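Chain naming follows the written order as A, B, C and D, and within any one chain the residues start at number 1.
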Amino acid sequence: MALKEVVSEGDTVNLRDEENSFYLLLKKGETFTTHKGIIKHEDIIGRVFGDKVTTHKGHEYLIVRPTFYELIMFGIKRKTQIVYPKDSGYIALKLGLCPGMKVLEAGIGSGAMSIVMANIIRPDGVIYAYEKEERFIKIAIENLRMASLQEHVIIKHKDLLEGPDEEDFDVAFIDMREPWECLEILKKVVKKTSPVGFIMPTTNQVTMLLKSLEEKGFFNIEVEEMIHRPYKPVPERLRPVDKISGHTGYLVFARVPQRF
Amino acid sequence: MALKEVVSEGDTVNLRDEENSFYLLLKKGETFTTHKGIIKHEDIIGRVFGDKVTTHKGHEYLIVRPTFYELIMFGIKRKTQIVYPKDSGYIALKLGLCPGMKVLEAGIGSGAMSIVMANIIRPDGVIYAYEKEERFIKIAIENLRMASLQEHVIIKHKDLLEGPDEEDFDVAFIDMREPWECLEILKKVVKKTSPVGFIMPTTNQVTMLLKSLEEKGFFNIEVEEMIHRPYKPVPERLRPVDKISGHTGYLVFARVPQRF
Amino acid sequence: MALKEVVSEGDTVNLRDEENSFYLLLKKGETFTTHKGIIKHEDIIGRVFGDKVTTHKGHEYLIVRPTFYELIMFGIKRKTQIVYPKDSGYIALKLGLCPGMKVLEAGIGSGAMSIVMANIIRPDGVIYAYEKEERFIKIAIENLRMASLQEHVIIKHKDLLEGPDEEDFDVAFIDMREPWECLEILKKVVKKTSPVGFIMPTTNQVTMLLKSLEEKGFFNIEVEEMIHRPYKPVPERLRPVDKISGHTGYLVFARVPQRF
Amino acid sequence: MALKEVVSEGDTVNLRDEENSFYLLLKKGETFTTHKGIIKHEDIIGRVFGDKVTTHKGHEYLIVRPTFYELIMFGIKRKTQIVYPKDSGYIALKLGLCPGMKVLEAGIGSGAMSIVMANIIRPDGVIYAYEKEERFIKIAIENLRMASLQEHVIIKHKDLLEGPDEEDFDVAFIDMREPWECLEILKKVVKKTSPVGFIMPTTNQVTMLLKSLEEKGFFNIEVEEMIHRPYKPVPERLRPVDKISGHTGYLVFARVPQRF
């Protein structure tokens, strides 16, 4: 009950001072260097979250436990358009993700969505993530490791369209360019009446997908989008920020038809 | 690996046909009645999700496992304004919720946010939910039971402002009318540098809270809102729906200051 | 300089008290009846905007000059989806509407967009509005009369696709189901490089229109939408209203190609 | 009927080719230089909108009549935050602007709102614009001249709070930092029951203004905001752009109380 407070090797910590913020996967023997001095990872390991660590030049950084929001937005490497927290938190609820689930994901991209899903389905659940691009897999593994969630995701270097090696999935999340191509596969390997989710950037893709979902008997079909609007946190001058994200993707959800 | 497929007593199922959708907490000995006939709960228990069940009049309903989105939007009882999935999924990521966390919540309201949090912090984590209104507690317990998550939430019939009985919380989520009143308490009982989240409907409350957060040394202060926009899922006439929610609440996040 | 203050026959006035608001096109000999009593139109004619008028039962109503926003939202009759002020005010600026312009409109619908345009292009400009549905024309004329703008709009009971009777238009605004059908006509009758605007509810229509605009050499093509968000005007509890319009239409603008 | 097609001295034209777009106030004797060559203004004057003009190096530019949207967004100089077309078109309808109106404006800023209003209230109406900052007045005059609307706006180098020199205004639009300070003045100089509009960036200002409007008996009080969302105009990949404006200002409207 309550998280461990002591920082261990393999944890990702957020080091911050008034000006900067860094995300660091701790490994004995490594060092972290800024213009304010050098810190050995071993000077952080064994400390407690909320402590301060001092560089060799005497500058202090606060050791903070990063949230998933921070890890995804600022910590992980990106080789692709990621699924943003404004969408992924909601997707988790639309898919009914819970501990123990067997999840099908394709493709994994940079792993941002895998991180959100793995955190919920652990410890007994597992994500089978299909990805045909080798360069994405490398990044995704690195990012999952940063979140200490790599053991809950089995990455398959394979196009989902070739057919997955598993079946009886509880749920699926699809982030592919032509998601309508994989609907027959979803019908085969995802449990009947289970929820499946999709994300895609264009209205044309949504139209194509909706047509196929209808044709193939999927039901409870929904299309949605989330607009995220941050404010300047100034009490006497409260107002939204000047520039916001105009679009990430359209979310589509449906349930797999019965296989009579 | 993979969820159990067999429906048990204590599960909540979604019964649906082309026209209707019902949410049912299964209990031996009980019956469910619609104008299309009667179903004994025991006719559902032991079946598999995705099966159909037949009323005494011969009408079939599909047995579906509800998602958290569906449970919260359509299944649970509401005595108060709830925290909606568009917000709660995102809040979970902003708070960095993960298995094992010790969470402080106040107030619990109808329990919609507790459901989302309990699903993530289980099996080892626990939520201590403070609520001064007895009538909300009754509803919240009922709703948590519907989601089979009641064992992960300890509800205290007490105003948080009287001081919680626990300390060393990993995170806190506050949904109170005057959240600025509880900041000193948060500083005492939430671990230093841990994230805390707030939701409130008006800009005036946000201004008041921001002032207090600054004064009391909280850092990493953020204000945001989420606008959720559903579309009509018609492939040949894709467009947003006519009426959408204009507002639920402003989200405020911050980190607890160090207690030097 | 400054508007006449005296109310005349043919004016539309807004009568209001604490509870109700009515829009009345004044005509000698007519009466207006509410449950609070009867008012003769002649009791209003000759009065000054801002005065009060008294029913035969002694109840007072304030005589207010309606804004175009109010006329369009509350005053006019609607037989069709109208172009809303959140869109029409912006459209006027995107089209560069100014006094003296010769405008092509199709279809006129209930005349809401004609009102906005006629107010700007008068006194020397003129709108030629093509409309194939006779029942809309009747409503549009009535609505334009309510706004005292009927003399600036020439309504043609004819499908624009049959070809307009005029040419050398300065600008065009198209609100038709299949606007891509009329692009060849626009190229013929709208001055080269002039702006044209379109409104349509679905993304599929936008895609169709964009394809045709590109094929036919239109340039400076833009797609936009406006989201209007009203707030509850309570100083101590400032917040957006609960329900807002989720969608009216997508706006498309382009310039007519040169006819070399 | 229909605008003049011939370009005259004093007109502002938009010169454009595939890559660039320029806004030019034409004056005999002047020249315009780009890296594609020099154009004498006199080579444009006398031509027709939609024609092409050739630089001394042989490069062609199209001569286009700018819309008000383009003039405001790309043509005018900005020394201040301007009122954007997404807001100003709507404001015009909320204020019921029409030809002949006597308008009170304060402050004028860069004149973007004056341009929109002057275009509608001409030829007989007039705007009295109060502005205490001399440097803004210079820019505003220049910008109004660019729109050929300077003769409809009388600029007073004076703080509105010192009291305007005119009265019996039909309408007022206020863009000041502390708009609540001028409500007593508005009650004196704007006709009773006439609409007044305000724009301001922060929720705190809205709260202050709402309080004062209520206290001073203004009625029909409304608060609103407009969110403008442009799309990428690609038919096969239709989607909103990545970055949009998150906020310009809150719009407040009310009617002046009767002066009993």
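General remarks:
Keep in mind that, in the parts below, a residue touches a chain if its C-beta (ideal position, glycine included) is under 8 Å from a C-beta of that chain, and two chains touch if they have at least 3 such contacts.
These figures come from a predicted structure and were not determined experimentally.
Chains making contact with subunit B as well as with subunit C: A, D.
Two chain pairs, B-D and C-D, are weighed by contacting C-beta pairs, with C-D ahead. Residues touching across the subunit A and subunit B pair largely coincide in numbering: over half of the numbers involved belong to both copies.
Averaging C-alpha coordinates per chain places the centre of subunit B 47 Å away from that of subunit D. The distance from the centre of subunit C to the centre of subunit D, with each centre set as the mean of the Cα atoms, comes to 21 Å. Multi-chain contact residues of subunit A (touching two or more other chains) are listed as 203-204, 206-207, 229-230, 236, 238. Listed in rising order, the residues of subunit B touching subunit D in the complex are 203-204, 206-207. If you check the complex, the residues on subunit B that touch subunit A are 1-3, 5, 49-50, 52, 62-70, 72, 85-86, 88-102, 116, 119-120, 122-126, 168-170, 191-195, 203, 206-208, 210-211, 214, 221-236, 238, 250, 252, 255, 258. Residues 201-204, 229-230, 236-247 of subunit D are the ones touching subunit A in the complex.
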